[in-house]
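Chain IDs A, B, C and D follow the sequence of writing; residue 1 opens each chain.
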Amino acid sequence: MASPYHSVSGKSKNNDDGRVVFLASTLLWPLPPDLSGGSPDPIHVSLTFGISVALMSACLGTAGAVHLNPAVTLSLLAGVRMSLASALLYMIAQVLGAITASGFIRSVTPPEVRGDLGLNVVTPGVSEFQAVCVEMMVTFQLVLCVFATSDQKAGLSKMAPVIVGSSVTLGHLVAIGFTGCSMNPARSLGPAIITANFESHWVFWVGPFTGALLATVTYDLLLVPRWNTQSL
Amino acid sequence: MASPYHSVSGKSKNNDDGRVVFLASTLLWPLPPDLSGGSPDPIHVSLTFGISVALMSACLGTAGAVHLNPAVTLSLLAGVRMSLASALLYMIAQVLGAITASGFIRSVTPPEVRGDLGLNVVTPGVSEFQAVCVEMMVTFQLVLCVFATSDQKAGLSKMAPVIVGSSVTLGHLVAIGFTGCSMNPARSLGPAIITANFESHWVFWVGPFTGALLATVTYDLLLVPRWNTQSL
Amino acid sequence: MASPYHSVSGKSKNNDDGRVVFLASTLLWPLPPDLSGGSPDPIHVSLTFGISVALMSACLGTAGAVHLNPAVTLSLLAGVRMSLASALLYMIAQVLGAITASGFIRSVTPPEVRGDLGLNVVTPGVSEFQAVCVEMMVTFQLVLCVFATSDQKAGLSKMAPVIVGSSVTLGHLVAIGFTGCSMNPARSLGPAIITANFESHWVFWVGPFTGALLATVTYDLLLVPRWNTQSL
Amino acid sequence: MASPYHSVSGKSKNNDDGRVVFLASTLLWPLPPDLSGGSPDPIHVSLTFGISVALMSACLGTAGAVHLNPAVTLSLLAGVRMSLASALLYMIAQVLGAITASGFIRSVTPPEVRGDLGLNVVTPGVSEFQAVCVEMMVTFQLVLCVFATSDQKAGLSKMAPVIVGSSVTLGHLVAIGFTGCSMNPARSLGPAIITANFESHWVFWVGPFTGALLATVTYDLLLVPRWNTQSL
């Protein structure tokens, strides 16, 4: 389908994208357990996730660029920028990649310091509704950045890895105290499955998906209206 | 009006800019309360504000680029780079966005750890005059960067988001110990209204405005004199 | 030999490259011992190594770009992108540079705080096999980035210093708790020789070399297959 | 004089450069005293100096780019890239700017937490000779970066602010534990004069100057030999 997304990349979609998305998703969180047992430095975690996304986007090409996250995939689907078949394929690859990565992290980390493998939890004292709002807000800014960088008319596609990576870092800097920062249901599902802990897990689907859809509406109706010729 | 500011962006000004400025200002400070109750890491706060400004500038286009801050808006007005009507519209949108953001932060943060919502205060031991001088200095360097990046002859406009974002981070790294770093009266007004605390609040208008005007004079008289043909 | 690596750089290989590689390797680790005797901040170390690699790549040209690391050199050799003679020359220069740098660090640091000169060790509690897996994973992502940036068709060569430097920083952020992060047998050999401590030293050859070879296979068979005309 | 340095900038040298250098030098160290009285975070200081240099280079043009540091100025003079008259003018402006900045910092900081205004001192336990060696090494890498970015044939001049700024940050990350990191005699002279403390002050002239001259020789004889037509 000739969408702005595909024409930005200039690449023909091929059947192997699922494998690349799986690979990218596996590499996407070299979760740095704090082996001393203390709580991890927020800047350390924020930089790790942001640089990781930026590098995977830059080096693994189109499929790696924006398809590391079911919430982002949903927004592109809702924004009529990709087909349902591709969206489902990518989401499956993302979830499988997340589970693989969490399993790997678990196997290389000593049990005493394994912690929770970077499991997203709602910080005590914060209500689940507040957590959903925070996740919604940080995912909203992430998807706005994804749309802006994949929009050919804005001319930002060359900088997409840096912009999206910085957006991931920013989301973590903001939300990490509330929820450990998810913005990505697959990234939350991996550790949840491996540690069999689904406490408040729904927050990390509802928050990111809601934020992603809100961003799609904001972008296509307010910022770069799609039903007239007004350019940004 | 055909000003260097508008021609750099290549976009026609449209009546919706006020809405975009409001959106950008709302997203501009996902203030990261330290939910553990301790005092926030200066680098954490500095990076958050800087990346936030850089991303909003890059993704929300012209209106988002330099109009997140009444002090910057004032400097562009004083430097005859925008009209009074636009300046007033932008300042109103910035203040409304700041109040909205502070209200949102307050609603999602548990009361015990709400702290002061990132309220700017003068650190005990520092006089209000010293605080005004510090705010003046850091806003001075910020506005210099804004002028340099919006000046077509310098050719820096493509790098404007990175340069202005880095300038915001730098200002915070320098001033955060003195005042929590404002550089932006709207950013200071939001939390002040929500927490009903206007202690030394005037510092965060006088300091940034003075620094902005000083930078306008320095740029237009010393660095890139506007009344002769000497190029930078 | 007309390989994509050489054509990207556009420079003729000359016999002095060995001296440049030696120089670059010497400058490559201004190891920042924590003179207060505490354990070094992971972000401090990660940034130091990453910025160091990025700058040496940018400023010392081709030989400095990707030949600071025997594991990377091995991957380029295995990927038929350089000659065996060059690979051996570079590895010797890298090892000599590492020993020189470690000797220099030892001479300028007071004995009481000399620590272990940044020696790579396997953190207590982590098995040697787990350490090899972690080193393998972080070197894998590093070599993927090197291949992607030296591949002319991907068009990333201008950004190579930033991408490879960020990859080095990321590897450290992830692995530093496990092994101090090596990814580079020469970087591990220098301090090992100077402090005469080869405990688990084999981990820092097997892990990086295995990760490098795995990345070569992944890149040349999955991502950018070399035996058909499909472009990335 | 038609030197590579001038042709890269494409600007005619004008008599006002001294004033711009003074301004840039004044803005160059908004030294962030730690107002809580503790010792400053090395990453905080390193980022502050690096971003500061990068921004001044980018926004204040040629005179601001490489002439914030007498050691760098000396290297350009020794490398026959500028005239003696310009070099002396710049060094005077740098020293005056440093004194002004230190005086300003002193005036806005409460006495109890003024500390030593960022005075460079040799850390107890480190000999003055070791300190000279460290300063020599970090200034060496800084000047190499300056030469590489001002050399037209290398094509790095657009990235000069980022490269030189990163080099400044790197120097601090490495040397800050030994000497507080100088690399810049003017930056050391300012606080020394204001606090009337010249203990080991000679280290911060001999180290940087020696490193700068060593870099000039290395660049012009080894890396980019100036007496034949071999390109980098």
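Basically, a residue touches a chain if its C-beta (ideal position, glycine included) is under 8 Å from a C-beta of that chain, and two chains touch if they have at least 3 such contacts.
Note that the structure is a prediction, hence the values are computed from the model and not measured.
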item: Same or different residue numbers at the chain C/chain D copy interface, by half rule; value: different
item: Most widely separated chain from chain B, with each centre as the mean of CA atoms; value: C
item: Copy-to-copy rotation for chain A and chain C - C-alpha atoms, rounded to a multiple of 5°; value: 90
item: Approximate Å spacing (C-alpha centroids) for the pair chain B, chain D; value: 29
item: Centre distance in Å when chain B and chain C are each reduced to the mean of their C-alpha atoms; value: 40
item: For chain C, residues contacting two or more additional chains; value: 43
item: Overall pattern in which the protein chains touch one another (line/ring/star/complete/other); value: ring
item: Chain pairs that touch, as defined at the top of this document; value: A-B, A-C, B-D, C-D
item: In the complex with chain A, residue positions of chain B that touch it; value: 11, 14, 16, 19-20, 23, 27, 30, 32-36, 41, 43-44, 47-48, 51-52, 54-55, 58-61, 104, 107-110, 112-113
item: Chain D-touching residues of chain B, taken from the complex the two chains share; value: 42-43, 46, 123, 125-126, 130, 133-134, 137-138, 141, 144-145, 148-149, 154, 156, 159, 163, 166-167, 169-170, 173-178, 218, 222-223, 230-232
